[in-house]
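A quick write-up on the structure given underneath.
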């Protein structure tokens, strides 16, 4: 069965497996104190024009988010997130387990705005409530949408005004940064956020995310929290090596461009077939609303996730392409779609 | 520089890299719900004669310990550990961060006994103190020593008597089970403990540990806690595949036997040179007490950890061998030792 | 200035001060292990027809809620509450600080229904989300409304169906149980909930709440959690003695009846003057929507809380009466209201 | 039965009951924002010569300790305490429940020294261990001993050198400051510690402790944490009023002087009868080592706590006097002691 369930079904870009094989019997220091992590961090600082940033390598997105918020927030402080935000829904209460409330607000297209942040902040007036302190956004979002430079700049302005940190979850950052509509750069992110991460797991690495902390006030003792919360890999060099490999020759962005291209092809085919979409996503996740019979027929041959419960007539679904998605599989899906819609 | 610092300096056994390469472009379900995890779990259940056990795959030892104790203990309950226990010293307070006290007691050779457990339990008499509920042991221990079947059986007996869980950290379990002095089997562990794990990171895997929960009362909803604490790898199949590979042909134990053999060779050479040891370790970690000048001379050419502060005349050190340690490197060390001691 | 800000502005019913004075120099065991706590607990068990219930005395509502949920829930489990619920808004994230998410839903009149609970539960489908496990309701609610026996019975039915606990915050329970519209008894509460508490702080005691746990599965080791979270008063007998005093002669309910009568008088006067209300509250809190000019004029002479931001024309406010509210103060308020509205 | 079990068996000094009665029907703002708390805080600042200190009123010692450490420490930071320290033994793991390890060390006479602190700090070298950040001492200690000005000054010096906070638990501070051997003043405490508290519960108040934070870096948002952890009393003015009453006419110290005098009388009588003591306590707790038969005979008529298990011949006990202890009761004890020892 061909699956569009997610972008972490396959292993890693072949260049990574080659790099691992080459390095395999050499001895590296543990816990990310090795030359590969140092080189990957240096490369990231260079690409993001933030020579003083701290870069840490973590195993996955949930540990990255929970360890960051654990390190950044005092016990009474809360995060602000879109109601659809990953930490608000799909991390099993990891932020609450770390002691912090996630204040959510309905955010059109999954995107927070300065105005929405201001509204949440305004509801919290004294010590009988939590103190919102950090704005959590994702790029791309849970709905595959992206932030423009103007939008992120406005969020930064409101955060500065209200004394909030701005944190960006970049599990699918490469897809966001390489899509046609994007006008943000890594350097913009480093300048506009207090911390953000570059996702690896969903962009052709076995595992791994690279957290970039640019706000000096958030840097101290981060490695203590990483270790304490189980987020410091013994063979940390594995993550450093993978980022080094992907970033060296632009493979990191090439992987994402491929995933985007495959999604665009899917999206085009679905639109041509008359489908509407839950959100206007230019990235590697798309959310077509399929006639129920179509969805059921396709589900027999292709893997994908249902998105919400739908109604009698229609069922929204999520289709995700990855660095490894084959064009022939996309075409097979669209071909079958055509047949099914034709009835 | 040849390093005996630890057993996680190298990558993975070549068979693992081959298996990864073969699987790399296939699509696997996420989060450990794949066929490789299922097969590896089945193999572990078979080897440990515990057909009803739950098996979970985690990224490393610290997440394994902290997630287990988080899942097993109520908020007022505490663990009992040797003063040298990993959770008591080297996990940055991860158990306390999860809300639980670790009650420690000085344990000769790093090993808890029924009597020591009883003593800690007896000190905790009412609700103004924590309630010890889980005994934490490692095999091999932090000092490289191992538990005998009689010792573990006695611990089980005391745990039953006092209503305590028995949890065994098996980061270096393969080394323990394959050393000459060992009389425990995986089946014994499954029968005598409530939960234990088979370590992979320190025995030739890129990363990964396999937690085995045999006590039905501790099984419910474990995956929720795994996810919540950041311990559920997106590409969980990577860990399943690695255990599958190592367990299939006995490589898991072969790796450890090699590490033990290399350590035994080191130990023999050191003893022959007149060195004493901090503990009588039959496994892949040894703790010779070197004359200070010898230690300093060796440190110029070989990597190893200092063990405590030592005194003017002597410095204890830790030497660790791994599945990948080369006999020629061991011999180089011993040769240089001879030269220095002859000095 | 006459204040209608809350029901905890004054000290305690004079009978309590007398009882304290009489007991003052006698020696009582600490931490609630005394005869007064025992007698008060026995009286509560008798009144609520739950001879096997555990009764614990705590200092205030927030500690009562946070200690209960800490004791009752496993780390991945969450509470379901109305969006206006006290734990969701006004306890500074105490439940999240204890590690648990509060899943909120917009609840008309501040009251959860079986249907609303079902809806929240249905959104939580697997281990990537929290597991709702406890339904949190208040009687009276944050809006002064009350649950009927039919409504609470329906909630119980849905909780049983879904495997949820039902917890009732009774900070203002006496006011709810003694208002004209009420058809619930203490015995109903003991039968329909897993745990609930009788509030003292807001009903004429210096401080103190009495938690009643009827579900056997939730009883174990509760005192450990009380102590651990700072909720076990050294002179616990002070709370026992106060409950003993108020419950002995029906003063507990008499206090509430008085507060309700004063609120009803206020409500009647406000309605007669043409005011609408945010909610239909039959208890000791009422929420009139005042013309802004009226609110501003009254605020010069009377204390009360604003309820939300209002708009240009109108400002909702909260008026609370207590066991100690004087009828002459109510009449003074209504008199001034009349003058102001007359312009 | 006459009890020397503790110093919180009785209610409150009669002056407090009078003040409560006088204030009872007046309306006070909630949560400690009232005039009595303000006045008591001002008085404490004056007595301790720390005009800029923040003063907070909490219900008891455990909430005071746990809320302070929760507010002061980051997640990876730990407290250093004597092995006998209250937070290490008798608070049911409250500090661990707040996420922090308590690093203990055997401390002669229950007193930490600069040297002991240095030793604990030196063991914690990197991010794989917790980071000790706060030194926890009590005055008087759990063994009734006290710190001299020289000793506390030395602790401060070491804390400054190592970047540690110094926190002093003053549950029995009045007894320490008023005993004959004491050379510390409130002003010294304010200058030498980062935060300390004046105990009320054990010195003639119904309940309540006054926390004084002098280090500016520890002041921010403390009330959020108080509320969140259930430590903010609705009728906070009750605590303010009590401190106001006791501090106004020196009653706070007079209470303690009486308790000390009663203990001294007991101690003298016990020493005259040939008893040895566990520690040399000049305060209101003493720890005589009684012949077992004597202890058993006395236990039939007097209440007191056993201190440890003792041996066949001897049993250490704890005798505590309070502001309310009557001289005739002390004499009755000593008289009976004489009879029993005479056999």
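Residue numbering begins at 1 within each chain, and the chains themselves are lettered A, B, C and D in the order written.
By definition in this document, a contact is a pair of C-beta atoms (placed from the backbone, for glycine too) under 8 Å apart; a residue touches a chain by one contact, two chains touch by 3 or more.
Everything numeric here is computed off the predicted structure, so don't read it as measured data.
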Pair with more cross-chain C-beta pairs in contact, given C-D and B-C: C-D
Pair from B-D, B-C or A-C with over half of its contact pairs in common with A-D: B-C
Averaged-CA centre spacing for the pair subunit D and subunit B, given as whole angstrom: 42
Centre-of-Cα separation between subunit D and subunit C, whole angstrom: 33
Centre-to-centre distance between subunit C and subunit B (centres being mean Cα positions), rounded to whole Å: 50
Residue numbers of subunit D (touch at least two other chains): 75-76, 91-93, 97, 99, 127-128, 130, 224, 227-228, 232
Residue ranges of subunit C touching subunit B (in the complex, touch as defined): 31, 70-71, 74-76, 99, 127-128, 130-131, 221, 223-228
Subunit A contact footprint on subunit C (complex, rising order): 75-76, 78, 89-93, 96-102, 127-130
Subunit C residues touching subunit D - in the complex, by the definition given at the top: 2-3, 5-6, 8-12, 14, 17, 20-21, 23-30, 59-63, 66-67, 91-94, 97, 201-202, 206-207, 224, 227-235, 238, 303, 324
